[in-house]
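Okay, got some structures for you below.
Presented sequentially are two complexes of chain A, the first with chain B as partner and the second with chain C.
On to the complex of A and B.
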């Protein structure tokens, strides 16, 4: 009897300690997360004027959304571009980083060297540096008669077109594709690291057992590696989606950021919330299908 | 029909099989190296491009036959202009003061929060875990403006405002001038805009870091900590004396992530700060500086713009590259042992 009571006491104590540990985070959530989100949604329905003592808001209903969707001719174009690049980048990045992580996880000569090399994008890719490399290597410079351009440096696009008798549209497509390959591989850094960590945590005994049973490499991947990685895949997927969403090179994000700095809090809030809403629907569908059909199948 | 393999002995057949096996694995390993090297080239190429472009003289751009080794060098002038445009010394100092400090704070505070999640069962843990995922899902950009607005009168649930009003009222009652009393200070353009969220575990991508910590601490054996409990150590003492010393692996991983994200961030610092900018913000503003100071445009026939831009990128990433060189071994090993299972 007394033992039971004591156990309950410890449980309660532990519950209190747990809350103590996360208390700073709860305060932070209120000040820096929940209140700002509500404010930001509110701003998107208001006219916001910045004055010397804070901001003045006047409720205008859906005017801001009407402005961006019906009046501004560019918003929908930016939105479409951003969503499209979001939709095709995500699966490519996920598959590519999983393949690379699996290769780097094998034992071979020079593994340490390749790992150090492949983690470099983690250091450099997140930020302004990549977008500067892409601007300087852009066609603008190439058209100035300057040698450069990410694609032009590797293969001469003009030589390629004359050799294969292609039109300029195809040449442009090729150079675009090369730029995209750079872009995507450089976006894989953190994802490779997370997948590698996930691969390492799969117990080796599972692979040994499957070897005894005579499973092929292909079966090994689909019945051990993939299901064991399904939850980390979800995390990497969510992380990648958020990264792609705030990618500074996306035209929409650039515009929103410019307007934020210019003090147009109302329009920029409406722009970003509408974009986020659409991204959320896409993310929601992706997460739903992944958890429902991929994770459930293996967990059952 | 005659079987051509009829006379092949059993031993020969086995040998042939073995050769075939060695052959496929050889082909596979060649294929693996080919792929690893070609993608490695894609990773290294922009770095080489940056270095070469940064040392080129403007005339060298016109010689399109020499791609790798430029004909004319202009190292001194390019880098001197870059150092000036970035205000490199001051920028570096500000980056350490603002970004590196908030990264370190974030690493420490997220560890405490992650430990709380991993080790204790408390009321509403499921809900809080859900909220944690929500914070990962909602990018900082969504809350940038309200945070900016609130920073000019930092407050917590009107408590600061309430105390302020009460003191002002009391001052009026006693006929004294206490209107200077300020419980909701303006912290825009100070380091607190970056330090405060980090201190409360809601800094730059803190959600991801907390998640990594939870994964790691959940996998850590409980026995030692329980022994410390029995010996009468409190939870904080147990955490600092037992859990932290055996967690160097996760600290390295999280430190690298946090430091790099902070180093590269120009979005938050560009919004909250107007002077004493860190390097990342200076890098964002370098194009307009070049135009104003020397009339060098990136696009209108002045190739030096490209050189300066690339030199700026090199100067910007160099400290992180040095840091990576030192920590690289430990980081690569820590990835193998950090145990993120999802």
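On to the complex of A and C.
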């Protein structure tokens, strides 16, 4: 070992260790991620037929993309819906989870309990439970064989609205709103935890100093909390954007899953790749502006 | 105009600045708000539990009632009978589930955090390229790549073996992403240099310096990975009954249709317990280690 050190220099040795550390993961990534991804891109330019002896592909060039963009009237609509829901969910989730994290960071009795409470959705929100909660349509109910549906069953919205003499539109609106609140709170768990970790890493001395200087809470937030959180905000932002885009409940992703279950791998690959392209552009722009105008300002 | 100037101006204009100190009323408002929000995360759980105690006729009501009116433990009581009709004893599924969840979680965390450490503190070329790849890879969820992945699994002969549970999570990028960000922010170079001067080799540094410092991140990963693997159903990839895990048993019970809906909910409730235990165990140390997250630069 010491011979190696002398011969190649410490930098070389360090980089060798570095590669050794990263190797197991890289191998996994290549086999289970890169190869499938290339396959999937290839599928989007092909006609794919699944037969008993494997997958048969015929090269068709841009036909699939032409199909979704020019022939299929629905694709653009789904795309628009997905991007719209992304555009309004992202700021709400970020602001809401930051507010909740700041509240949970206060000293009060039972805060551990409340932290656990807000993190609960993250723990139990897998498969089955989620489908029970977000099932609102009748077909879904029938397919599950259970008369479930959280938002429908939770509070009898219809009873409430008819008692108050409201029209069906308002009832629809109220149940929609309740569903949305659920959706949001259930999307905030991880964000709250990340923000909490960030808040706790801010040295208390900064706040003490600002208190001595006579800063208000509002100033404290903008001069200490927010700047100190800018890194973690970027992290949470990226995480949330990714979640929102690939979320199984995003309208377009839902459609792609449907098509995949139906065996249309060619069209669905094209659909998802075009969507990812747009998602990447949007995320790139968002990250660029955040790092350029928010983080740079404080780093100076 | 910078934000600072803006606030200075503003303060100059306002002669009397309202001081914010939290009163008793403020405290109550805080707790009320948290309770209201917390209800939204708690209610679904209550609903699941309440449904699991509903007798058959109440399960069929539409729109469903939130709370059970005449609770019965029938849904739970019938479970042993349902289990007895399984071809393989239930204990086998439990051993599979626990063993696989534990082993995969540990291996995954080690692989991911070693990679994260290497990306954030290593010196080799192409680190940035790798990290961009990680961010790109985050965009893909399992389903999108299901078909090509399946082809690779079958080529490697992983189908219908334990490896199908253990190996694919290795390609996951979330752990590397979170780990890299956290190590960069919380593990100062000075700490690593000091360890090296003291004669520790890289593995020693990773194991006894980096890992304890980034405890919050691996506890978080532990929770997520355990949750995902615990509830994963590798559909179409496992055929031998001896290799199946608990969620697949749940699927078999749910397949019984409406009559079994209550039991399905009962099993779902039982299945929620282990992740919650893992959470409770890690939560206390997460809170503790986050507040003392180590040396600051």
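Going forward, the second predicted complex is superposed on the first by the 243 of 300 C-alpha atoms of A that agree within 3 Å, B and C clash if a C-alpha of one lies under 4 Å from a C-alpha of the other, contacts with A are read in each partner's own complex, and residues count from 1 in each chain.
The rule is simple: contacts are C-beta pairs under 8 Å (C-beta built on N, C-alpha and C of every residue); 3 or more make two chains touch, one makes a residue touch a chain.
Remember, predicted model here, so these are calculated numbers, not experimental data.
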Query raised in the report: Clash or fit: how do chain B and chain C relate after the overlay on chain A?
Result: clash
Query - Contacts of A:219 with chain B and chain C, given as first, second, both or neither - result: second
Report task. May I ask you to decide whether A:286 touches chain B, chain C, both, or neither, giving the answer as first, second, both or neither? Result -> neither
Query - First (chain B), second (chain C), both or neither touched by A:229 - result: first
Report task. Report for A:69: first if it touches chain B alone, second if chain C alone, otherwise both or neither. Result -> neither
Report task. Report for A:206: first if it touches chain B alone, second if chain C alone, otherwise both or neither. Result -> neither
Report task. Examine A:265 and indicate which partner it touches, taking first as chain B and second as chain C; both and neither are also allowed. Result -> both
Report task. Once the structures are superposed on A, label A:278 by its partner contacts, choosing first (chain B), second (chain C), both or neither. Result -> neither
Query raised in the report: Do any residues of chain A touch both chain B and chain C, and if so, which are they?
Result: 11, 14-19, 21-22, 24-29, 31-33, 35-37, 39-40, 43, 54-55, 100, 103, 106, 108, 112, 114-124, 126-129, 132-133, 141, 145-148, 150, 153-154, 181-182, 185-186, 193, 196-197, 200-201, 231-232, 235, 238, 242, 245-246, 248, 256-257, 260, 265, 272, 276
**Report entry** chain A contact footprint on chain B (complex, rising order)
**Finding:** 29, 32, 35-36, 39-40, 42-47, 49-50, 53, 61-64, 66-67, 109, 112-113, 115-117, 119-123, 125, 128, 131, 133, 135-147, 149-150, 152-153, 156-157, 196-197, 199-202, 208, 210-211, 219, 235, 239, 253, 256-257, 260-261, 263-267, 270-271, 280, 283-284, 298-299, 301, 303, 306, 309-310, 312-313, 316-317, 320-321, 324, 328, 331-332, 335-342
Report summary line: Interface with chain C, chain A side, in the complex: residues 11, 14-19, 21-22, 24-29, 31-33, 35-37, 39-40, 43, 54-55, 100, 103-104, 106, 108, 110, 112, 114-124, 126-129, 132-133, 141, 145-150, 152-156, 158, 181-182, 185-186, 189, 193, 196-197, 200-201, 203, 216-219, 222-223, 231-232, 235, 238, 242, 245-246, 248, 256-257, 260, 265, 272, 276, 279-280, 297
**Report entry** chain B partner contacts - residues on chain A that touch it in the complex
**Finding:** 11, 14-22, 24-33, 35-37, 39-40, 43, 54-55, 100, 103, 106, 108, 112, 114-124, 126-130, 132-133, 135-137, 140-141, 144-148, 150, 153-154, 181-182, 185-186, 190, 193-194, 196-198, 200-201, 228-235, 238-239, 242, 245-246, 248, 253, 256-257, 260-261, 265, 268-269, 272-273, 276, 283
**Report entry** Residue ranges of chain C in contact with chain A within the complex
**Finding:** 2-4, 7, 11, 17-20, 22, 27, 30-31, 33-34, 37-38, 40-45, 47-48, 51, 59-66, 111-112, 114-115, 117-119, 121-125, 130, 133, 135-141, 143-149, 151-152, 156, 167-168, 170-171, 173, 176, 178, 181, 185-186, 202, 206, 216, 220, 223-224, 227-228, 231, 233, 247, 250, 254, 257-258, 261, 264-265, 268, 272, 275-276, 279-280, 283-284, 286-287, 290-291, 293, 296
